[in-house]
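The data blocks that follow each hold one structure.
Below are two complexes that have chain A in common, paired first with chain B and then with chain C.
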Partner chain A sequence: MQTENYLIRKSSLEKLFGNLIGNGKIVYAPKAKGNLALFDKVQAFGEITEDYIVTANSAKSVTFPRTEKLFSYHKSKESTEITDAANNTFPDVILWGTRPCDAAAFIPLTETFNGDFQDIIYNKRREKVLILSFSCKRSDEYCFCTSVNSGPGNTAGSDVQFTKLSDGDYLAEVITEKGQLLVKENCNLFEAKPEEDKEPNLAIVATRFNQEEIQAKLQNLFENPVWDDKSRACLGCGSCSYVCPVCSCFDIQDEAHGNKGTRLRCWDSCGYGLFTMHTSGHNPRNTQGGRWRQRILHKFLYMPNKSKVAGCVGCGRCSRSCPADINILDTLTSLQEEKPNE
Partner chain B sequence: MNELIQKATILLESNSVQVVIGYGKGSANRTRAIFITQAADCEKLIFDSRCIQNLAVYLTKQEIKKLGKPAIVAPIPVLRSIVQLAAENQIAENDLVVLGVTPESELVEFESFAAIETFLSTHRIEIEGKYQKTIEMIKSMPVSERFAYWVKELEPCFKCYACRSACPLCYCTRCTVENNQPQWISVASHPLGNLEWHVMRAMHLAGRCTDCEACYNACPMGIPIHLLTKSMLQDVAENFGTYGPSLDKLNALSSFKPDDKESFIR
Partner chain C sequence: MSNQNIYIPYLMRIEKITLEAPGVKTFRLKFENEQDAETFSFKAGQFGEYSIMGVGESTFCIASSPTRKEYIECTFRQAGKVTSALALAEEGDIVGFRGPYGNIFPIDEWKGKNLLFIAGGIALPPMRCVIWNALDLRENFKDITIVYGAKSVEDLVYKDELAEWRSRPDVKLVTTVDPGGETPDWKGEVGFVPTILEKTAPSAENTIAIVCGPPIMIKFTFPVLEKLGFMEENIFTTLENRMKCGFGKCGRCNVGEVYVCKDGPVFSYQQLKLLPAEY
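For the complex of A and B:
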């Protein structure tokens, strides 16, 4: 559909939030915690912070929870009863205050869960999510959305995007039918589109590299000192993967208690030493350098090769949260200078 | 710190060490661990109040051990970890050069691990007043309230294990949480799994933790897990009379003495 533009006043935004909560919707929004902002469930408009570049955690857990029950079972002498979580009804969830990068991240994330296998639980959850993004007025040196075909006002993935204008009111861009429905249900809050343009109200994010060039170079950079050099300080935790809005690796765990139990899908990370450990004890990625290479190749070579969309939206969370200050931009910009092996 | 740069340069030029583990410029206003193998690069070394990462964590990492004999830039928290690692036989005196940095930012060299211990005897671990207050507040809660407090605080934990990875004393090559036959600790980050992990972590560090706060600094979700280890430090001091690392000290919870005051252990 074609984007429809409206004006929504600052005071109406709070009313919109009130209507959503009033209708019993689950709303996730950025909440301040110490120096951080975290995506969390909110009940009151006052709980939401506006003071954040991006939240420390991403919003992916609403469709891909860190622990997802896939089924539960109950064994008896006669039979085994299985309760499949794919039959569950999942709640309506509203993501309030995601940044454009977070909204865009649902595109590659949804691709991953709809490749060779269509993940019913993921898709059921995704259908129930309404994404109300707020464009970026500020950025920091970790942001690089403009280098991965996105930007501070990118509307891809959002249902409605709000942009704060100079007078404190908001431009509301309605991108999807879900967004249209929201406007219809709250039509008294949306007014005729503002005069002011969107662009001057957006942060300026410099382009740091060319994604297509990086993708082409990575074809021939499997053996290169850059991987060890840039990951030397890596501690081998999963912080980068877990704050990433696109990372989707998981581990299947059975939690059994006597004759009943559950099968769980839990987040996993390529940063861990055990991630690719074989039963034989052999590990094809036996150093952090190999694991860092995998992380970059997966996002910037394998994913765009397979589905045309890169596995990175340039939010910079991985770098901000890294306890060893390993910076993905450092690696990507230095790759730009590498000459591929002949 | 010209002195530090000079000393590091000499060590590399004379091939006394093959790598200098220190702090260099990081992203934004941060510093980061750097691993210098060429004397000419020593000028990249910096030291100031932003250098809070505990570099001792790298002494046991296979990727760093491969680089050869290290020298390490060691402010007080790193020195404490070195003594504890030495007490646990994880590092050897002859395989390491310690470039100590005093709280006044002066370079201090050590002849031996024992000399570090002596130096630390005048720089004892102290739990800051604000933490003592919080710990007292938590300890004074009825059990159910305290349980609820921790369930809530640990709720954001998604088990990235940054706390474990950043800790110099979490050097096990295979952590208990990675043992799945049997699965001692739940892998999932649900309330029970999170509690199990953090309680185990704190217990494993009881009497070993040197209060460097690396775990808390590493946590991407800002969870106050250092309160657990700080509290354990106090408990160990109260019950076993030891506080902080020492070369000839037995670890409180992993040592057996025939005259232990507890009867269950005999």
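For the complex of A and C:
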């Protein structure tokens, strides 16, 4: 659909929040916690912070929880009964204050959970999520959204995007039918579109590399010293995967309590040494450099080759959270200097 | 299928357990739900996720032939957490099974050709499926040769079937055990699979070679086949990367552009040469 633009007053934004939470919907929004801003459940408008570049955690857990029940079972002497978790009712969730990068991340994430095999639990959760993103007024040295076909005012993945204008009121861009419905239900809060342009109200994020160029180069860079060089400090802690809004590798584990139990899908990371290890002890990806290469190749070569969308939205969380200060931008920009193998 | 939860396993009852070798068992599994039995079908080369509720899932091929429709069989070595729990299961117990997953051996394209099966140790099961598939359609193929080796005589699996294949005039079976693994009355070969293969292989002319074994065996078998004149597009193998989901989502078996679970597990040597060696 064609984007529709409205104005929403600063005071009306709080009313909108009130209407949503009053409707029994679960709202996740950035909440200050110590020095961090975290995506978390909020009850009151006052709990929401505006003081963040991006939240420390991404919003992916609303559709891809850290631990997801797939089914439960009950074993008796004679039989086994299975209760399908896909029959559960999933909650209506509103993501309030996601950055454009986090909203855009739902595109590759949803792609992964669909295709030939559709993950119904993921899809049921995703259908119930309304994404109200807030464009970026500030960025930091870790941000690189503009290098991966996104940007501080990118509306892809959002249902509605709000941009704070110079007088404190907001431009509301309605991108999807879900967003349209929100406007319809709260029509008294939305006014005719403002005069002011969006662009001057956005952060400036420098373009650090060209994604298509990197993709073409990676085709011939499998054997290259850069992978070991840039990952020497890696502890294999997996924090880059956990904070990444696109990373979707998972493990399947059972949790048993006597005759009953559940089968769970849990976040995992290609950075872990055991991720690819065979029971025999053979490990086809047995160095941390090889795992760092897998992370980069998967996001910047394999995913865009397969579905046109890269597995990275440039939020920079992996670099911010790395305890060994490994910076994905450092690897990607240095790849630009590399000459591909013949 | 899109409205079904892809993680829910079929419930299967263990009808028969065969002890194949020390630590190696074959389960014959029947669907608890008769309707599932009727709608289920698979092809040679495909695999599944077998589970004990409360312990977890483990990946093995379907070791029985798709031409035998009443049941499926799997053969596994007790090695990790799940296989240890499976090994304790008894006839009549219920296990979970998800599948079939993955691609297939292009057996329809092999009509009119000679087939050379080369297997090592616990890797005969993925091949057994395609061997029986070929034997059940015997008139479609010319010479069938099986070269199978294990660490020791006692480690050879499917001993009854080996005897059956040996007695068939339309199969040439070569069995071998690693040096030191032979018993006084062992009548087969002694030596590693690649060496014995070089000695006993049929002509590469109009022949498809199918290789399954531990990574080290595969590594040394490919050069022998090339030396014998096999074209890389006529050599097939299955990759055994660690898997969890079986349908290209969990990320574990990703090698280059492919997911072994979805795009494999069957690959030609020609395809393998294009992949990074992360298997």
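To be clear about the criterion, the second predicted complex is superposed on the first by the 342 of 342 C-alpha atoms of A that agree within 3 Å, B and C clash if a C-alpha of one lies under 4 Å from a C-alpha of the other, contacts with A are read in each partner's own complex, and residues count from 1 in each chain.
Going forward, a residue touches a chain if its C-beta (ideal position, glycine included) is under 8 Å from a C-beta of that chain, and two chains touch if they have at least 3 such contacts.
Just so it is clear, the structure is predicted and the values come from calculations on it, not from any experiment.
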Quiz prompt | Combined model on chain A where chain B meets chain C, clash or fit | solution = fit
Quiz prompt | Contacts of A:Asp159 with chain B and chain C, given as first, second, both or neither | solution = neither
Practice problem: Using the touch definition from the top, say if A:Leu36 reaches chain B (first), chain C (second), both or neither. | Solution: first
Self-check item: First (chain B), second (chain C), both or neither touched by A:Gln288
Solution: first
Quiz item: Looking at the overlay, what does A:Asp102 touch: chain B (first), chain C (second), both, or neither?
Solution: neither
Quiz prompt | First (chain B), second (chain C), both or neither touched by A:Arg263 | solution = second
Practice problem: Quick one: classify A:Tyr302 as touching chain B (first), chain C (second), both or neither. | Solution: second
Exercise. Angle at the Cα centre of chain A spanned by the Cα centres of chain C and chain B: state it in steps of 10 degrees.
Key: 80
Quiz item: Looking at the overlay, does A:Asp169 come into contact with chain B only (first), chain C only (second), both, or neither?
Solution: neither
Practice problem: In the overlay, answer first, second, both or neither for which of chain B and chain C A:Gln253 touches. | Solution: both
Exercise. Once the two structures sit on chain A together, report how near the CA atoms of chain B get to those of chain C, whole Å.
Key: 5
Quiz item: Once the two structures are fitted together, what part of chain A is touched by chain B and by chain C alike?
Solution: 251, 253, 255
Quiz item: For chain A, which residues are in contact with chain B within the complex?
Solution: 33-36, 38, 40, 56-57, 61, 66-67, 140-142, 228, 232-239, 241-243, 251, 253, 255, 264, 266-267, 269, 272, 274, 287-289, 319, 321, 323-327, 329-330
Quiz item: Taking the complex as given, what residues does chain A use to touch chain C?
Solution: 70-71, 73, 75, 79-80, 82, 84-86, 112-113, 115-121, 222, 248-256, 261, 263, 265, 268, 270, 275-280, 282, 284-285, 290, 294, 298, 302, 305-306
Quiz item: For chain B, which residues are in contact with chain A within the complex?
Solution: 26-28, 30-35, 53, 57-58, 61-64, 156, 158-162, 164-166, 178, 183, 186-190, 193, 214, 217-218, 220-222
Quiz item: For chain C, which residues are in contact with chain A within the complex?
Solution: 1-9, 11, 32, 51, 53-57, 79-80, 83, 94, 96, 214-215, 240-242, 244-245, 247-257, 262, 276-279
